[in-house]
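Which chain is which? They are A, B, C, D, E and F, in the order written, and residues in each are numbered from 1.
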Amino acid sequence: MRHDGRAAGELRPVAIERSYLKYPEGSALIAMGDTIVVCTATLEDNVPIFRKGAGGGWVTAEYAMLPRSTKTRSLRESKGRINARNLEIQRLIGRSLRGVVDFPAMGERTIWLDCDVIQADGGTRTAAVTGSFVALAEAFLMMKERGLVEKLPLKGYLAAVSVGLVNGAALLDLDYKEDAAASVDLNVVMNGAGGMVEIQGTAEEGTFNREQLDLLLDLAGAGIKELIRKQQEALGEEAVHLIESACRYGE
Amino acid sequence: MRHDGRAAGELRPVAIERSYLKYPEGSALIAMGDTIVVCTATLEDNVPIFRKGAGGGWVTAEYAMLPRSTKTRSLRESKGRINARNLEIQRLIGRSLRGVVDFPAMGERTIWLDCDVIQADGGTRTAAVTGSFVALAEAFLMMKERGLVEKLPLKGYLAAVSVGLVNGAALLDLDYKEDAAASVDLNVVMNGAGGMVEIQGTAEEGTFNREQLDLLLDLAGAGIKELIRKQQEALGEEAVHLIESACRYGE
Amino acid sequence: MRHDGRAAGELRPVAIERSYLKYPEGSALIAMGDTIVVCTATLEDNVPIFRKGAGGGWVTAEYAMLPRSTKTRSLRESKGRINARNLEIQRLIGRSLRGVVDFPAMGERTIWLDCDVIQADGGTRTAAVTGSFVALAEAFLMMKERGLVEKLPLKGYLAAVSVGLVNGAALLDLDYKEDAAASVDLNVVMNGAGGMVEIQGTAEEGTFNREQLDLLLDLAGAGIKELIRKQQEALGEEAVHLIESACRYGE
Amino acid sequence: MRHDGRAAGELRPVAIERSYLKYPEGSALIAMGDTIVVCTATLEDNVPIFRKGAGGGWVTAEYAMLPRSTKTRSLRESKGRINARNLEIQRLIGRSLRGVVDFPAMGERTIWLDCDVIQADGGTRTAAVTGSFVALAEAFLMMKERGLVEKLPLKGYLAAVSVGLVNGAALLDLDYKEDAAASVDLNVVMNGAGGMVEIQGTAEEGTFNREQLDLLLDLAGAGIKELIRKQQEALGEEAVHLIESACRYGE
Amino acid sequence: MRHDGRAAGELRPVAIERSYLKYPEGSALIAMGDTIVVCTATLEDNVPIFRKGAGGGWVTAEYAMLPRSTKTRSLRESKGRINARNLEIQRLIGRSLRGVVDFPAMGERTIWLDCDVIQADGGTRTAAVTGSFVALAEAFLMMKERGLVEKLPLKGYLAAVSVGLVNGAALLDLDYKEDAAASVDLNVVMNGAGGMVEIQGTAEEGTFNREQLDLLLDLAGAGIKELIRKQQEALGEEAVHLIESACRYGE
Amino acid sequence: MRHDGRAAGELRPVAIERSYLKYPEGSALIAMGDTIVVCTATLEDNVPIFRKGAGGGWVTAEYAMLPRSTKTRSLRESKGRINARNLEIQRLIGRSLRGVVDFPAMGERTIWLDCDVIQADGGTRTAAVTGSFVALAEAFLMMKERGLVEKLPLKGYLAAVSVGLVNGAALLDLDYKEDAAASVDLNVVMNGAGGMVEIQGTAEEGTFNREQLDLLLDLAGAGIKELIRKQQEALGEEAVHLIESACRYGE
C-alpha cells in the first residue's frame, strides 16, 4: 500500500477547472493531488519565422514554477539564472501538444501555452500537458465560435502521466515523496486512442529491462484513459461533441 | 455611478484566503474584484550583507505577473527583458511592509515576500501589499509557535489601496477600466492607526492641487480601515489577539 | 540650524549651465550643492511602437550614476546587475517631464533624456528632473529654430525638489547627510503654476500625518518656484519668452 | 536499402580516438559517419554544494555546437540566446553517465564532461554520450594512476544510439537526412549488460505502439553492443582490464 | 637554444588543412605546434545595417576557445560571463582580414569568420588570422565558382605571427611557455608584400625601445613569409593562381 | 595645415584638473580639445583571487562613454549589449597603467580606475590613460599620507597619445575628423623616460611600412613628453617631488 493509501494503479484526486481566468482565449486550472498548475492558451495572429509560408499554424509552450511552489524557495528566472529543467519541460509540453494539432486547419496562427506551477508535489510536467490540452481545446473552441476556423484543429485527445518503480513496485502518478524514492521514472504522453506520443524513462539507480518497461506502460495507459475522461468532464458535452467530430474529420 | 455599480467610496468585493499553499511559512490568496494575487512569505535564517550585525532581521519583496494575467500576453522576465515596472512595485511592497516590522524582535532572519499576480484588473500593487501583510503575519505566527521569537515582530497592521480622480470624481479602489481613464492616480499605504507609510501620486493629465489630494486621502483612509477588517477576518481571532498584543508591546 | 548653516526653507547653491555639451540637441549641467548631474536631450525622428499613429511625440528618460559618484564605488550596470533604484528613478523622470509636454505639437518624434550623475550628495532624482527640463527646452528651441515645430511643444515649466522631516523639523532640499537621518522623505514635482505633477512620500521610520504632509508640500512649493527662476536664468530671456508664449498657446 | 547503402541494423563508420587533447584528464574524439564530437573530462577537487558531505563525487556535462557545425550558421550562446536544446541534451548526457559511476569510490571530486560538436550529421547527443564514456574512463584511469582512487569508480560500460521509424522501417543510427524524415525518433542509453539507463522517444508524426517500440529497442541493443566494442578498442587492453575488474568489484 | 630546440627565427611545425568541414563555404584546420584552431567562413547574402547601400560587402569574425583547450577549464560564455579577451581578439581578426578584402567586388554580402580554438599553446590569435585567410579564400573561390563574383574579392595574402623578447632574446612564434616568460610580446599581421596591417606590442615588464622593435619586426616579417607559403601549399596551385590574378587586378 | 590650424606635431589644448570629485581617493578631469574624460581611482583593501598571496597589489580599469558623448546617441550597456570596443579599451588602460606600478610597494590592495567619457572628439582612450595616471598618482599620494605605504608605488610617469597618417602626412593627437580620414592609426603609451609600454597600430586602408612607423613614433614621443609636463603641472610641485623620489627608489 502506498503512503497515502492509494492502490498501485490509482491516480491522485484530479480536478480540472475550465475557463479559470478571464483574459486568455483558453485556460484551465489542474490539480492532481497537491500539484496545482495554471494553464493558459493565448492566440497570436502570426507564426514564427521558420513556419512562415508553411500553410499552417504553430503551438509552443512555456513552463515555470512560482518561487515558493516548492519546499524551498527558488530564485526567479528574471534573476538571470537559466533554469535548464524548465526549458527541458517546456520543450516536452510543446512537442506533445503539437502531436494532436491539425496545423493546416489552424491557419497562420500561433497558440502560446503557459504552464505556471502554483504548487508542486510531483508530476508537474505531466499535469501541465493534461491541463494544457484543455486550455488549447478552449482556445480552438473560441476560434471556431468566432469563425476563424471551420473545424477544431485537433486530431485527438492528449494527456500525460508519470509512472515509476518504487521499491520494485510499478506505481501510477507518483507524488513527490514517491518520485524521490523511485529507481525508475517514466513520463508517458498518449493520445485518446492509446498511441504513444512521447516517452521519457530514466533509471535513477541501476537500470531497467523490457519487462519492467511493459508493466509501466500498461499502468500509464490506464491512467491516461482516466485523465482523458476528466478532461471531457471539464470541457462539457458540447465541447466533447465538437472535438470528436474534428478528430473523425477526414477519416 | 461607477460602471460596475459601486459608490465612489466603495471597495470591490474583497476575499482573502489565509494558508493558501502548503509549503510556505505564510501565504495568502487575495482577490479584489477580478484582481487576484498569490502572496507567500518565506523564512530564511540569514540576513543580507548590509544588515549583518545590525542586530535584527529584514523583509524584502518580489513581484511578478503571470504572462497571461493581462489582456495581452507579456513576455516572461526569463527572456532577459528587464521589467522596470515590476522592480518599482516590488520596491514599494518591501518598503511598505518594513514600515510595520519590529526588526530587532525578528532576530537575524529574512522574510521573502513573493507576490505573483494571477489576474490583473487594476490595483495589483496595493492588493499585493494588503495580501503580503497576511502572509507575513502568518510567517511570524509560525515563528512564534516554533519558539523562534518571543513576540510577533509586528508594530501594526498595514494595508494599501488605490484612489484616483476619474472625470473629476474621486473614486476608491480603481479597476483597470477606471485606472485607464483617471487623470490622477494615487496609491496609499497606511497602518492600522491611519498613519501614512507611503503615498505615490501621479497626474496622468494636467496636475492636481491640495484640495484634491485631501479628498483622495480621505477616501483611501476609509478604504484601508475596511481592508484591515478583512485581514483580521482572514487571520482569525487568535491571530488577531496575538498581533494586537505585539503591537501594544513596549507602549 | 542645519549642519551646513542653511535655514529650513533654503535651497543649496544652485547652478544650471545650459548647452554644456556640443553634440546633443539639448544639454544642461545642474549642480545643487555637491550633487552634479549631466542632462542631455536627444532627438529621434521616430516614436516607440505603442505611440505609432497616435498623432504625436514621446519623451522618455534614462538615469544612471558614475561608479564613483558615491562614497563607495558601485558596479557598472554593464556587469549584468539590474539596478532597480535607477529604473524606478528614470520612470519618475520620464513621467514627470511628459506632464508638461504638448505631444501633438512635437510631431512623431521622441526626445531621449539622459541623466548621468557625476557626483551624488542627495536629491539626484529631483536635480535630474530640474536639469532635464532645461535640456528638453533646449531641444525644443532647436526644433523650432530648424522649423520642425511651429511652437515649442511645452505646456509649462517643471522642476522638482525633495523635502523631509529630520528630527521632527520640515526641511527643504535634503543633502545626503540629512536624507540619511530623515524619518519622512518626500519628492515633489510641480509645474510653473504650482500644480502637483508627482508626489512620492515614504516614512522611513514610523508614519506621517496630514498636517506634516501639508507642511512639507508648502516648503516644496516655495523651493520649486525658486528653481524655476534658476531655470529661466539659465535659459535666457529669449528662450523664456518663447516658452511663455508656448504655454499660453491655446488659452 | 538506406540512402547511404547501410542495412537497417548497421551503424555508420565509427571512429573513437582516445587522448585526443593534451591538457584534459581525459579526452576522446568520436566520429559516427560525418558527426564529429570532441569530448573532454576535467577533474575538479570539489563537489557542488548539494553534494557536499554526501560522501562521494559528482559528474556533470555541458554540450554545445560550433557555430558552423551545421548547414546554416547558428549564433554563439555568448550572444545571450539561451539554447534550450543544448541544455536538454547536456542534462541527458550528465544523467546517463552518472548511471554507471560509483560515486563513493570517486571521493569528493567532480568530473566535468564537455561535449563540443565539430560537425553535426544526426545523432550528436548519442555520440556525445558514447564519446564521453571514453573521456570519463580515461580521467578515472589517470586518477587511479595518481593514486587518488583505489579502484576505477565505474559500475559498467555505457553507450548510446538513436533509432527511428523512417517510412515504416525501423533503422539504427539515423543520420541527419533520415532523422528529418523519421516519424518516430528514439534515443537509447544502455550499459554493458544491456540494461536501459535512459530512453527518450518522440512521435514526430502520429503515434507509435508497443510493437514498434520493441522493434526499435532490439535494434538499439545490438548497436550499443557494437559501440561498446569500439570503446574497448579505443581504450586498449590494459584499460579494459581495469574497467572490468572495477565493474566486478563488490559482486 | 629554445626549450623545444628551435632556433630564434624558427616557426613551430605548421599544418594547414583546407576544406576541413563539409558544411561551411570555407574552412581550415590550422596547427602551429600544439595550438589548433578550426576556422570557418560562412557566406550571408546581406550586410550589416551600417554597410547598407555602401556598395560592397563586409567581413566579420568571432573567436572562442573550447572550455578545455587550456590547462585549466574555463567557463563557457553561455554562462553569462563576458570574455573581454575573446572580444578583443575577434576584433583584431576581423580588422586584419578586412585589410585584404576588396569590398566592392564582394557585392552586398557578409562573410562570417569563426575561429574556435581546440587546443591553446600560445599564438592562438595569430594562428586564427592565418587560418581564417585560408577559409576566407575558400569561400571566395566558391563564390567565384558559383558565379556570384567576377574576380576573387582579395587584394593580397594575409598572415600573422607573434614575436617577443624572452630573457633579452628576440624569438619568433612563441609557445605558451615562452609567452609566459616574455618581457615584450608583439603580434604582427602583414600582407603578402610585407606591408604591416596591424601591430600590437605590449611590454609585460619594463618597456621596449625602437631597436628592439626593429629586431622583432624583422623576425615577424620572415615568419609571415613562410606562413604565406604554407597557406599557398594548403590552397593548391589553382587557387593560388586565382588569388594572384585577383591581387594584380586593377594594377 | 590641419583643419583646426594646428601644426603636424601639435597637441590640442590640454587641461587636466586634479581632485575633480570629492569622494574618490584620486580623480582627474582631462580635456584634450573637445574630448573630455572623468578619471577616478578607487582604493579597495583586497586583491582579485589570481593575485592573492602574490605579495602585492593590482590595478584594473573600466571605460565607458555617456550615451550622448558622441554625435549619435548610443545605447547604455545596461541594456544588455556587450560593447566590445569599450572592453578592448579598458584592457589597454589597465595594462598600460600597470606598466608603471610597483606592485609589491602597494600591499595587497587594488586600485580601480574608472574612465567615463563625457564628450568624445577622438583620442578618448589615450586621454583616459593620461588622465588615469593623475588619478592613480593622487590615490597613491593619499595612501602615503595615511601611512598605508612607505613610498609611492610608482616606477615612472605614463601618458598616451594617438598619431596617424592622414592624406600621407603624419599627425599628432588626431581629433575625430582626422581620425575618420586616417589611413593608419597608432596609439602609443610611453613612460617618462620615453620607453614604449604599448603600441597599437592599424592600417585602416592599405598597409604601412617601417619608415612610416618610425615617423609616427617620433611624433608620439614628443607629444607624450609634453603631456607628462601637463600632468606635473596638474599634480603640483609637492606631488612631483614625491613621485620623482619614488621613481628613483632602489636605483
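The criterion applied here is as follows: a residue touches a chain if its C-beta (ideal position, glycine included) is under 8 Å from a C-beta of that chain, and two chains touch if they have at least 3 such contacts.
Only a predicted model underlies this, so the values are computations on that prediction, with no experimental measurement involved.
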| item | value |
| --- | --- |
| Smallest number of contact steps required from chain C to reach chain F | 1 |
| Degree value of the rotation bringing chain D onto chain F, based on Cα positions, nearest 5 | 120 |
| Interchain centroid distance [CA atoms averaged], chain A/chain C, Å | 51 |
| Separation of mean Cα positions, chain B and chain A [Å, integer] | 34 |
| Centre-of-Cα separation between chain D and chain A, whole angstrom | 29 |
| Where chain C touches two or more other chains, by residue | 80, 82 |
| Parts of chain F lying in touch with chain E, wherever the complex brings them together | 82, 84-85, 87-88, 90-91, 95, 99, 190-191, 193, 195-203, 206-210, 213-214, 217 |
| Partner chain F, residues of chain C touching it in the complex | 21-24, 27, 34, 38, 40, 42, 44, 62, 64, 66-71, 73, 76-78, 82-83, 86, 112, 114, 116, 118-119 |
